[in-house]
Each structure stands twice: as structure tokens, then as C-alpha cells.
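What follows are several structures.
You will see chain A twice below: alongside chain B first, and alongside chain C after that.
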Partner chain A sequence: MTQLTIDGRTISVPEGTMVVDAAAKLGIDIPIYCYHQSLGPLGACRICLVEIEKMPKLQTACTTAVREGMVVRTGGPAVEKGRQGILEFLLINHPLDCPVCDKGGECFLQDYSFWYGAGKNRFEESKIQRRKDYPVSSYILLDQERCVLCQRCIRFMGEYVGEEQLMLEGRGVHTVVSTVEGQPATSPYAGNVIDLCPVGALLSEPYHFKARPWNIEREETLCSVCPVGCASLVTGRDGRAVRLEGRPQPELNDYGFLCDHGRFTYDYTYHPRRLTAAELDGAPQSPSAVIAAVGERLARAVAEAGPESVGVLTGGTHTVEEEWALARFAQDVVGTSRLGLVKPVAGDLPLALLGTFGDLAAATGVLLLGVDPYEAVPVVHLKLREARRAHPVAVWGLGDRTLTRATLPGDDYVVEPGRVAAALGAVLGGGDLDERWQALAEGLLTTERLVVLWDGADPGAAAALAQLAARRAGPTAVLPTHGPRNWLGAVRAGIPADDAAARGILEDAAEGRLSALILLGADPIRDFPDGDLAARALERVPSVYFMGAFAPEPRHALAAILPTAVWAEVTGTYANMEGRLQVAHGAAAAPGPARPVRPLVTALARAFGRPLRLGDDFDPFADQDGDRIARPPASQVPEDPAAPAPLRIREGEWALITGEVVAVSHPPSEIAERSRDRFPLRLNPADADRLGLRPEGGLVEVSQAERRFVAGARRDARIPEGRVFVPRGLPEVPVNRLDRGAGVRVALADRVPEGVAAQ
Partner chain B sequence: MLAGFRAIANGLRTTLMMLKEPRDTIPYPEKRREYSPRFRGKHMLAQDEDGHELCVGCGLCEAVCPAHAIRVVAAGADGDRPVSWTERYAVDYEVDLIRCIFCGMCEEACPTNAVRLTPFNELAAYSRLDMVADKDELLAPPIRK
Partner chain C sequence: MGSPRPDRHYLLRQRDVSGIHQLAVYREHGGYQALQQALEANQPDQLVELTKASGLRGRGGAGFPTGMKWSFLPKDGRARVLVVNADEGEPGTFKDRELMEGNPHQLIEGMIITCFAIGAPESYVYIRGEFLHGYERLTAAIREAEEAGILGERVMGTDFSHRMFVYRGAGAYICGEETALLESLEGKRGNPRSKPPFPAVAGLYGRPTVVNNVETIMNLPPLVLEGADWYRQWGTEKSPGLKVMSVSGHVNRPGNYEVPLDWTLAELIEAAGGVRTGHQVKAVIPGGSSMPCMPASQLDTPIDYESLVQAGSMLGSGGCIVMDETTCMVRAVARVVRFYRNESCGKCTPCREGTFWLTDILDRLERGDGEMSDLDTLLDVSDNINGKAFCALGDAAVGFLVSALKHFREEFVEHITGQRCPLGARQYDTVNH
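And then the complex of A and B:
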């Protein structure tokens, strides 16, 4: 620790801390443009000048490391004169277009000009004109005139993300930020440069000219798109969510970076497909009429066939409080024990193994078990890169395709489809392993702190993971990367999240043992691992009552629809993939008759004839370990999986592999539509050449038995030969309705299916 | 009786004297007073000589308004057919003339000199909604007769 004095106050900080961070700990604000804690010192803008005793000239606080006994003054005539001079230089070519600049009102150049600026410009020559408002990606506008060349955006993309898509061009006064070779930035992290830009140079295109900081509601929220649940700020204007920004959480060592899939999909809250009318038997009705009818029909069903004839399934996207209200309705009002959660994978993680992002930051070894974090949980990929910057981290990928990538290099162990758990079991079981696999076994067992990212697809892996944790001397943490967004919150609310619960309900339904099925935001046909079972169940159940924001297909299977308020419209608690409970506030208004789940459920209970009093006695944070959900030790050791059945792939057929791709599975969004991947299927380049696929990608037909689907496919060297990768939840190819134990046929297609843009 | 007439004449003396004085009242609305050019009446939105609006929808008037009487919604115009002199313009500009206290801060805050308070002060309507002046109304400033 080093002790120093800043503005007469003494503080001890770790060695190597920059003066600007030490001052921030004392609550002293030093102006900065180029410095960012995630990027380290650069000293490009020089606005952070401070006076340090025994140093003859002003020093930049962001590049000066603290020294024992240092005496720093962050104010006074010399400092203010220095900053005033720097600002005058920065403003020489800065246009005076604050009235039309989106940053106006929340701009550091404005703020510092008020605090330190001279108030007038001595520079009389005309300002250099540059390109204004030109797109550098589907979502980002660049105004080169407003740029102060702090290089935060360039360093973020190059150093932090590892995708060098922005660069400096030109020399001296003609230096500008531009994209590499004029190509648009395609990184899913590019949107963060909007938050990083301290001036109005990089702007959000969807938010362009939309609002001003004084006419918006800006509330702390959590991203609702994937289970990472990034801390963010939602901007509400006239009752609509119009922007999502990252929110740093210093106490969790989180810089508040988001991915573009989360940042630019907030418009699902007013997407045309959003439910805005209550329906009964296919006809629009007032919500109260639907509630009365549903309550009465449920009561009749319970009277006739008993409470166990009603099944309740949640989609795990609503808040913990709302999931709890649903559980109360199911158990206390209806009295059924058939309550479950629809999740897209069959694996059940023993919660005792649940790790945190803190574990990830400290990890010495990371196993990617079936998941490519860049695609499924993009911000976790950034967190992994962050950990690698601090210390060496060994990365192993174990799955049916290559899971590491250039920005996260490691060793890949590619196995047969559906053999992930078996391979992990074999690695732990010792036995006859070749040298390469021996290295994996040794690494997994001996690395000091292991974190496993598990996609949950292979149910047998739970047992192997428990075995791995038991065999290891050091700590083992598992982070489940599968959705839905708030499935751990549903666990907190007392809803069984294991695959067996949902499967049991759907099997009962398919066999005609259920008289009614209540869905809260659940789309079993799209999401449940066995889509055919879900489809049979929904067809067979006499009445399916749906509450949620987006109606599942087929609509005719739904006896009643009650639109609900969703994220950004309600304040409530969510649990992320660490099981960490956090509160998200609302900033928008629910459309039309959509209402929050709690009043909906109490009204349903009243119509049912058994009023439900949801008092304030439920506190998601009560009885928890800190702010994380309770993680009881596993009551029973997960069973060793049965040996997987051999793959039934005939000559000329392809193996079907799948995985979570958040670019596909995010909620419907018109903003995100512009960067939608038209070729979501992926093939090995050698296979693609044999098929005759065009270099940029093209349409292929995937068929199995009588089922035929057409979707765009492109080359990807990370897919092994003979396999076709279909993202989970892709509407064109519902992979959960195909038999993954058997092969599929793949052929070029010329028909352009609906929903896919023609080439 | 004479005393009676004298008393009446005496009582009306001031009135009768005033008959020949110039009148202080004017027969409104046939005649109207001249106001100072600085008089702060109803708002207007100015245009330049090409017909482009001066307002760029920056919202500073909205921010500074102590009565929260102004609402501005900005948008970007098509490059070929700009509404204002620049890309950004106000789609909606509303002044609630019932809330407005005619302080003139909006005029002072406006960076493009677009919003101005005219001397027009004949504000009357049959409903409160009619007292909300929208953009079309503000772009066609009323003329004092």
C-alpha cells in the first residue's frame, strides 16, 4: 500500500494505482476523457492535469502512478489554467452543434467546458469540416467533427474485445476515427463505444434525435435478453423504452459493458407482435371478461377432474415476485402440484456447484462444456478476456464443435454429437486416454481454480461435473449458460426448474390426463427440448390459458390469452446465471390492457372463487446467502448417465448439432432485424464446397423423414465435417422437433422461404 | 328650485369638465392599443427566408420552462427534404398556453432564435385543449389587427 495526500486528505491505495483512481476513492472528481479503468492509462487527452509537489510541471493524473508521500493538488489556479488551455485546444475544431447533438446535456465536453472552459474561443480560423453522422455499424453513427481523439473506442475494440474494427486514420490535425478499410464494424460488442465515447462522436442510431436527458426517465435495470443479466440503465420516453445503456457496478468489478443483442433489442416491448389484447376462444374480449371466464372454467375443471388435472408452466422470464405469485396461484388456489419451468435444455445443474463471475475473474482454468460464450452469453466472453488480461487462464473447449476462438484461444476437444457427458466421464475415469486427452484430464484436475461454463444440453454432464468437483482439490464453480433469463429466479420463487417437472406435465398433457394448462410466458413448442412432445401436449389439453407478451404458435391451441406487462414496465427482482438477485426498475408503460402478473393472478384467484392474498411477506432477498439464491447441497448425487445410444446416421446423412445463439434467440426486435444473420445455419467449408454453397452463403434444405425446412447457411471452419449446426430456437428450422440421434439430409435449396430475404 | 339645479350642476361639474378632456379608454376591439415590441404574448416559431424552420428540436426551451408548458419531440429529416435548416427538426412542438407564465425564458434559451414571444395576447378558447398551441399554429403567427 502506498500513502499519498490529495487536496490535503490522506489515503492509502495499492501500489501502481493511478492518481485519478486514488482521487476517485476520496470522492474527488478529476476530469477525464481518454482514461478508462478497463483500458488502463494512455494520456491522450491531457484534461486530467493536476499539480504534484516537487514536479516542476502539471502532470496527467491518469498516467501517473501513486508514490509514497506524494502530495497532489487537483484544483487551484495553475491546474485550472492548464485544463482551460487543454479545453481550448480540444475545442479548436469542435463544431458548435450542441443543439442538434444527441449527447447534449450528458456530454463531458459540455460539462468540463462549463467548469474549466474559457467561455470564448480565440481561434478565429474556420473549423476543419469532416464526415458527420455516418454509420460505422448497423447501430452506430460516427461524427468525426465532434471527436476529441481520446481513442477509447479504438482501444476498447482492439485491446479489450480483440476485434480491431475501428482505427485512427490520418496525421496531425487530420487524424480521424474510422473503420478498418471502410468496412462496417460487425462485432457484437461494438455498441459499447457509444457508452465509452465521452463526447457526441459515436451515437446510437436507434436513439438518434429521440430524446434529451431532461425529458426521459432513466432507471436502473438489468438486461432481459440472456441469463447474464447485465446491469444497465433503461431510458423511457413517453412511456416507451428507447435506449439501453451499460451500468458499471464497481462493487462487482463490472465495467457495465453490454452486447449489442441486449443493447438494441429493448424495442421488443412495443414490437408489432406484442400481445395487446385479451382473447377468449380466439375472439378479443376485455381482460376482466377473460379473467372471469378463465377463473370459472378452471374452477369447473378442478371440480370435475380434481386439482391435479391442471398443469402450470412458466417461461422463466418474469420477475421473481411474479413467478412467486404464479406458484401461489398454482399451489394455494388451484391446489395442483403440477408446476414446472420450460427451459430449452434437459440438463439440471446441482445448485451447490453454482459459481459467480467473481470465480470467473479469478479462474486459472476454464472449461467450455458445449458452449461458445461469444455466441450464447457474449458478455461472459468479455469477462473471460478480462480475466486473461490479469493472469494466465487455461481454456479448454469440450463439445461437438470448436468452442474456443481467436479472441479466446485454448485447446479444443471435439467429440461426437451427444457425447459431451460421456467424454467428460471418460476423462475423469482415467482409463485409456491418448496424450492429448490425458492433458485435458490433468488440466481439469490440477488447475487451481476451475470454472465450467455449461450449456446444460447433455443431461448426463451434471453427474460428471459433480464427480469432477468432488475429485478436485481446489474450488470448482459451474456457470450454467442456458436460459431462460430468470430461471434461477423461478427457482427462488419455489418453482421446480428441473427438466423432469416440465416433462412430466407435458407427458401427462399429451396422454390426456390434464384438463387445463396455464402458461406464463412459456412457449413449450419452441423452447422445450422435445418440441414434438410439447406440440402433442398443447393439441391434446382441452384448454390452454396463456399469460405473456408473445403468443406461442399455434394460436388456435390457446383457449385464452391475457397480455402481461414485461421487463421495463414492472419493477421486480431477477436472478442471473450466478443466482445473484438484483432489482430492475420500470421506466415504460405497459401497452393497452397488458397488466403485471400479480394483479392478474389475484384477479384470476377471485374469479376462481378462492381469493389469494399476496401480502408483502415474500422478500426474494430474505434467507439468502448475501444477495444470491440459496444453494442447498444436492440431496442426491446425480446418477451416472446411461451410455448414450449410438448415432443412427446413414450414408450421405449429416449429424445435427445445435447450441444457443443469442443473436437468434433474443426477443423479436425491429431494431435488431437490421443485423439479423441471414445465414444462421453453419457448415464446414469442405462440406459447403461439396454442396456447392456460394461463398457468401445460401439457402439449404434440411430434411429428416417427411420434414423439410429451408434456411440460410454459411461456411464456418469451426463446425466439423459432416455436421450441420442449427441454432436453437431458429423459427425456420425448429431443431427441437428433429431427432438428433438420427441424421438429416442437407441439400441446396432454391426456394426462398417466408421470412428469409432473397439473395 | 334654483338651489336644486345648482346642486345638480355642482355635482356634475367634474363629469361635465371631463367631456372636453381626451378619452383614456379605447373602443376595443374596434381599436387596439400599441404594445411595446418587447411585450411577451403568444409564442411563434420562426422560419428563415427559404421556408426552413429555425427550430432544430434541441429541447432547451422545454428544459428551461419553469411551468413545464412546452413539449418538444425531435426527429431526423430525410436528407433531400429537410424541414429545418439542418437534419434535426421538431416533429411536435406544443405550448400549453394555460400553463405558460409568459416569462420568456424559452426565447432566451433558444440557440437558434426560433421560438419568439409575439405581442399577440388575445388568448381565449372554448376548451382547455384549444389552449394548447401545436406546431402548425405556432408556425403561422397571429397578426394583431
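And then the complex of A and C:
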């Protein structure tokens, strides 16, 4: 620790701390533009000038590390003149167009000019004109005239993300930020530069000219798109969510970076497909009429066939409080025990192993078990890079394709599809391993602090992970990367989230043992690992009652639809992939008759004839574990999996592999449409050459038995030869309805045949 | 009076020996004997001590003691790198160019001696892109040295091996700043780096690095042969030795002059044939355009580092610009500030924006559109740049301006009150700016 004095106050800070951070700890504000804790010192903007005793010149607080006994003054005539001079310089070529600037009112150039500026302008010459509204990506506009050249954006993309897509161009006063070779920035992290920009230079295109700060509600929320649940701010205007920004959480060492899939999909809350009307038997009705009818029909079903004839499935996207209300309705009103959660993978993580992002930051070794975090949980990829910047982290990929990548290099172990758990088991079992696999076994067992990112796809891996944790001397933490967004929140609400619960309900339904099925935001045909089972279930069960924001297909299977409010429209608690409970506040209004789940459920209970009193007796946080859900020790060790059946792939057939790609699986969004991947399927380049796929990608037909699907495909060297990668949840190719134990045929297609388009 | 003129050239040896850029001629005249002697003695530390004892100071501009710079290298066993700064871009300075073109082997010999002293298996010459002739001479000399076993594996049959690379700059003045030079040498945009870490700790590709000027390094061979006392026969206690001064402007014989460091400016001008016949000196910038100017009344100032600082200027890189009474100081200042505006890398606010602002005000003044308040603005803007920029370029940009306003304020005022140049100087051609 180093002790120093700032403005007469003494503080001890860790060695190497910059003066600006030491001052911040004392609550002393030193203005900064170019400095950002995630990027380190640069010393370019010079606004943070301070006076340090025994140093003849003013020093920049962001590049000066503390020294024992240092005496710093952040005010006084010299400092004030220095700051005024810098602010005056920053404004001489600035267009001063605050009245039409989106950042007006949220701008550090404005704030500092008010707080520290001279209040008058001596510059009488002509200003330099530069490009305005320069699109640097599908979502980002650059106003070069407003730029203060702090290089935060460039350094973030180059150093932090590792995708150099922005650069400085020109010299001296003609220096501007631009894209590399004029190509648009394509990184899924590019949107963060909007938050990082301290002035009005980098702007969100979808938010451009949408609001002034006094028009909006800007509330603390959590991203709703993937289970990372990034801390963010949602901006509401006139009842609609119009912007999402990152929200730093210093107490969790989180800089508040988002991915663009989360940042630019908030418009799903008013997407054209959003449910805004209640329906009964296919006809629009008032919500109260639908509630009355559904309540009555449910009561009759229970009276006739007993409470166990009703199944309840949640999609795991609503708040913990709402999931709890659903559970109460199922158990206390209907009286059924058939309650479950639809998740897209069959694996069940023993919660005792559940880790945190803190574990990730401290990890010495990380196993990517079936998942490429860049695709599935993009901000976790950034967190891994962040950990790597602090200390060495070994990264291993184990899956049916390459999982490491240029921005997160490591050793890849590619196995046959469906053999991930078997391979992990074999690694732990010792036995006959070649040198390469031996190295993996040693790494996994001996690395000091291991974190496993698990996609949950191979159920047998649960047993292997438990075994791995038991065998290791150091801590082992697992972070499940699969959705739905709030599945751990549903667990907190008491809803069984294991695969068997949902599977049992769907099997009962498919075999005619259910008289009614209640779905809360669940789309089992799209999301359940066995899509065909879900389809049979929905066809067979006499009544399906759906509550949610987007109706599952086929619509004719739904006896009733009750639109619900969603994220940004309610205040409630969510649990992320660490099991961390956090509150998201509402900033928008639910459209039309869409209602929050709690009043909906209590109304249904009244119509059922058994009122439900949801008092305030449920607090998601009331746990011995504080802000994380309870993680009971495993009551039983997961069973060792049966040996996987051999793949049935005939000559000329391809193996089908899949995984979570949040760019595909995010909620429907018109904003995100502009960067939608037209070629979401991926093939090895050698295979693509043999097929004759065009270099930029093209349409292919994927067929199995009599089923044929057509979708865009492109080359990806990370896919092994003979395999075709289909993202999970892709409407064009519902991979959960194909038999992945068998092969598929792949051929070029020149157009989408009729009747094969999105279901 | 300063020390006597040396009996011969020790750096500009091509002035005495024609064809010395060729290895055979260089060797015939004692070339590579110093290297052989240094290698045979095999005491690298002694070489560092010798350099320290000689008092040799960096000839690139800052005048930092060379031996001390070498001793800042951390003793952690990592391989060191020598980078020779041959990006001579300072207006008024053209010594390294002539040294490299005429006497490249002495640079190579000095580099190998230095690298042997500091333990560097590799060295780089970052040469200004425009110096095509110097580049060709230097690379030809390196090839000759390689073929003669002076460079490469087992230098002159000893255990010391050394590889030398020459890299051409792309025309940015700022790449003469050592950290911007390293960035550029690594293939990046030539912007200066944050210090610390200093190049001695983390320089080229993060390796411990010494960056020295061409002329500095060329002092090594004679120093090794003749010793520190020999070197100290010239100059002063703190500024010993010989310095190649580039004299330009209104003198009869502009050019490079190898002179002892205790000569006065007047003696130097005299050596260059005196001021233009029929004219008088008005002002002198002693160390290149980034240094403050001195009025004629200060011509008796010795050119050693300390005396010039005391007189309000600096020796810098030794580019002595002589201006006679026909020079419009407003125009001269406007031209120099515009140079720095164009050469500012754009990284830091005060240098980038301040030089732009100053240039516009000075242009207006020169046109006769100035106001009296502009003079205060010029000084205040200069003050807001000076000492607040990221690197020394900001200070360099305002040195001449502030000194000219101090010594020749009247001339600025006349431009404002008379709304024209009192000397009738034509506004300079802006086409090439």
C-alpha cells in the first residue's frame, strides 16, 4: 500500500494505482476523457492535469502512478488554468451543436465545460469541417466534428475486444477516428463504444434523434436476452423502451460492457409479432372474458380428470416473482405437481457446482465444454479476455467443433458429435490417452482454479463434472451457458428446472394423459430438445392455454392466449447464470391488454374459484446466500451416463451439430434485422468447396428422411469436415426436430421452395 | 575565445578523406581499429565507463549523458537492443544526413561498439525516409561489413555476433521522438508512448532498448582509440567535445561545421563565412526550429548546453538558423508554427488544437488582419500548450514564437497597427502547406 495526500486528505491505495483512481476513492472528481479503467492510461486528452509537489510541471493524474508521500492538489490557479486551456482547445473545432446532439445533457464535454470551463470563447478563426453521421457499423454513427480523440473506442476494440475495427486516420489537427479500410465495424461488441464515448461523437443509430434526457425514464435494468443478464440501463420514452446502455457495477468489478445482440434488441417489446390481444378459441376476446373462460374450463378439467391432468410449463423468461406466482397457481390453485421449465438442452447442472463471474476472473484454467462463449454468451467471452489481461489463463475447448478462437486462443479437443461427456469421462478415467489428451487431463486436474463453461447439451457431462470437481484439489466452478434467461430464477421460485420434469409433462400430454396444458412464455416445440415430442404433446392435449408475449406455433393448438407484460415493463428480480439475483426496473408500459403475470394469475385463480392470496411473503433474496440462489450440496451423484449409441451416418451423409448462437436466438427485433446473419449454417471450407458454395455463402438444403429445410450457409474453418452446424432455434432449420444420432444430406439449393420457409 | 579548431575532422571525416564511405578506404585510414581494440579488450563495462568519463552527451537534442543512458538498462539478463535515431527532421538540422552519406562505416563501427558495450545482439537504424542517398550508402556499407565479417555471426572472429537492420521512416517529424520512433519501427502509427515504462525497460517490442542519435554513436570509435581525456580537450567541463553544427540562413557559407562546444555563436557564424555580406545578424536560433531564438546582442554566448540554457535557448540538435535584418519575424514564426501544426501527431489536445489555433492567428497577423488582443491570446495559448502536451513537440512548437514575441514584440505590433508587414515581406506561399 502506498500512502499519499490529495487535497489535504490522506489515503492509502495499492501500489501502482493511478492518482485519478486514488482521488476517486476520496470522492474527489478529476475530469477525464481518455482514461478508462478497463483500458489503462493513455495521457492524450490532458484534462486531468493536477499539481504534484516537487514536480515543476502539471502532471496528468491518469498516467501518474501514486508514490509514497506524494502530495497532490486537484485545484488551485495552475490546475484551473490548465483545465480551462484544455477545454478551450477541445471546443475550438467542436461544432457546438448541443441542441441537436443526442448526447446533449449526458455529455462530459458539456459537464466539464460548465464545471471547469472559462465560460467564454476566444476562438475567432474558422472551424474544421468533418464527416457527420458517418455509419461505422449497422448500429453506430460517428460525428467526427464532436470527437475529442480520446481513443477509448479504438483502444476498446483493439486491445480489449481484440477486433481492430476502428483506427485513427490523418495527422495532427486533421486526425479523425474511422473504420479500418472503410469497412463497417462488425464486432458484436462494437456498440460499447457508444457508452465509452465521453462526448457526442459515437451515437446509437436506432436512438438517433429519439429523445432528450428530460424526455426519458432511464432505469436500472438487466439485459433480458441471454443468461449473462448484463447490468444495464433502459431508456423509456412515451411508454416504450428506446435504448439500452451498459451499467458498470464497480462492486462486482464489472465495467458494464454489453454485446450488440442485447443492446439492440430492446424493440422486441413492441415487435409486430408481440401479442397485444387476448384470444379464446382463435377469436379475439377481452382479457377478462378469456380469463373467466380459462378459469372455468380449468376448474372443470380438474373436477373431471383430477388436478394431475393439468400440466404447467414455464419458458423461464419472466421475473422470479412472476415465476413464483405461476408455481403458486399450479400448486395451490390447480393442485397439480406437473410443473416444469422448458430449456433447450437436456443437461442438468448439480447446483452445488454453480460458479460466479468472480471465479471466472480468478480462474487459472477454463474449459469450454461444448460452448463458444463468443456466440452463446458474448460478454462472458469479454470477461475471459479481461481475466487473461490480469494473469495467465489456460483455455481448453472440448466439443464437436473448434471452440477457441483468435481472440481467445487455447487448445481444442474436437470429438465426435454427442461424445462430449464420454470424452470428458475418458479423460478423467485415465486409461489409454495419447499425449495430447494426457495434457488435457493433467491441465484439468492440476490447474489451480478451474472454471467450466458448459452448454448443457450432453446430459452425461453432469456426472463427469461432479467427478472432476471431486478429483481436483483446487476449486471447480461451473457456469451453465444455456438459457432460458431466468431459468435459475425459476429454480429460486421453486419450479423444477430439470429436463425430466418438462419431459414427463410433455410425454404425459403426448400420450393423452393431460386434459390441459398451461404455458407461461414457453415454446416447447421451438425450444425443447425433442421438438417432435413437444409437437405431439401440443397436438394431443385438449386445451393449451398460453400466457406470454410471443405466441408459439402452431397457433391453432392454443385454446387461449393471454398477453403478458415482459422485461422493461415490470419491476422484478432475475437470476443470471451465476444464480445471482438482481432487480430490473421497468421503464416502459405494457402494450394494450398485456398484463403482468401476477395479476393475471390471481384473476385466473378467482375465475377458477379458488382465490390466490399472493401476499408479500415471498422475497427472492430471503436466502442464507444473500444475492445468490441457494446451491444445495448434491443429494446424489449424477448417474454415469450410458455409453452413447453409435452415430448412424451413411455414405454421403453429414453429421448434424448445433449450439447456442445468441445472434440467432435473441427475441425478434426489427433493429437487429439489419445485421441478421443471412448464412447462419456453417460448413468446413473444404466441404463448401466440394458442394460449390459461393465464397460469400449461399442457400443449402438440409434433409433427413422426408424432411427438407433450406437456409443460408457459409464457410467456417472451425467446423470439422463432414459436419454441418445449425444454430439452435433457427426457424428455417428446426434442429431439435431432426435426429442428431443420424446423418443428414446437404445439397446446394438455389431458392427457398414453397412451404419450406420459416414455420 | 573557445578551444582551438581541431587539427582534423573526427566525425565529418569525408571532408579530409575522399571515398571514406567505402570499407577499404575507411580501413586504410584506421577504420574498425577501435572496434577491434574494444573486442580484444573484451570489457564491455569499461566501454560504458569510458563513455561516462568522456562526458559525451546525446546529440539528438536533449543532451542527456550517453553513458548514463546506457547504465539505465535493467540488469535482468534480457537481450538489449540499440536503435539509432537517424530520423533527422528538425528544420535547420542536417548533420546526420551528411554524416551517414559521407562516413557510414563510422556509424556502423560506433553501433557495434555500443552494442558490444550494452550487450545487444541486434540493432536498428531508423532513417528518415527522404534520406534515400544516405539509406543506400548505409545499406551498402552494412553489406560490405557483413561480407568482411565485421557484422553477422562472430564479429571479427570473436564470440560476439551482431545483426543490423535499417528501416526507412515514412516522413513524420514526430518519429524523431524516441517512443514514437519505436512505435513506427514496430509498424504502428507514429505516436509517442507513455513513459514510464522508459525504453530502457520496455522499448522496441518490449525489450530493453537504447535509442541514440547518429552523431552520438559516431563519437565512439575516436573515443575508444583516443580516450576520454583527448575528448575533453574541447568544450567545457559539462559539455565536452566536438559538435557538428548545421549553420543555415543568412550566412555566406551555410553547411555543417565540426566545432568545439565552447565556441561562441559569433565564432560559429564566422566559421560559416560570416553573416550575408552587407547585412547584420538580427536573430539566431541556435538549436533547430524548436528552440527559442536569441537576438544579435547575445551572439557572444558560448554554444555549450549550459550557456545556451542560461541565455534562454538550447543547443538542441545543433541546427543554427541565422536571420539577418531583412527577416520578418512574424512570417518566420508563422512558418515555423505551421510546420509544427502539420507535424503534430494529433494524439494530445494542446498540441493538436493549440498549434492549429496559433497558426490561424499568425496567418491573420501576417496578412495585416491582427488585433492587439491577438498578442495576449498568442502568449496565453502558448502557455496552455507549453508543459501540458504529451511529448516535447508541443513545447517545441511555441519556443520560437514566445521568444520572438519577447525580443521582437514591436514588429508584431507594427503588423497590427500598420495592417501590413513593415519589412514588405511577401506573405509566404501557402500552396505547399
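Here, the second predicted complex is superposed on the first by the 751 of 759 C-alpha atoms of A that agree within 3 Å, B and C clash if a C-alpha of one lies under 4 Å from a C-alpha of the other, contacts with A are read in each partner's own complex, and residues count from 1 in each chain.
Here, a contact is a pair of C-beta atoms (placed from the backbone, for glycine too) under 8 Å apart; a residue touches a chain by one contact, two chains touch by 3 or more.
All values derive from a computational prediction rather than experimental measurement.
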item	value
Chain A residues touched - chain C or chain B, whichever exceeds	C
Partner chain in contact with A:K210 - chain B first, chain C second, else both or neither	first
Partner chain(s) touched by A:G182 [first = chain B, second = chain C, both, neither]	neither
Chain B versus chain C as contact partner of A:C98, first or second or both or neither	first
Partner chain in contact with A:T63 - chain B first, chain C second, else both or neither	second
Partner chain in contact with A:L42 - chain B first, chain C second, else both or neither	second
In the complex, chain B residues that touch chain A	56-60, 62-63, 72-76, 86-88, 111-112
Residues on chain A engaged by chain C in the complex (per definition of touch)	41-47, 49, 56-58, 63, 81-82, 85-86, 88-90, 92-93, 122-123, 125-126, 128, 148-149, 167-168, 170-175
Residues of chain A that touch chain B when the two form their complex	97-100, 104-105, 133, 208-212, 214-215, 238
Touching residues on chain C, where the partner in the complex is chain A	172, 189, 191, 194, 341-350, 352-357, 360-361, 364, 377, 380-381, 383-385, 387-390
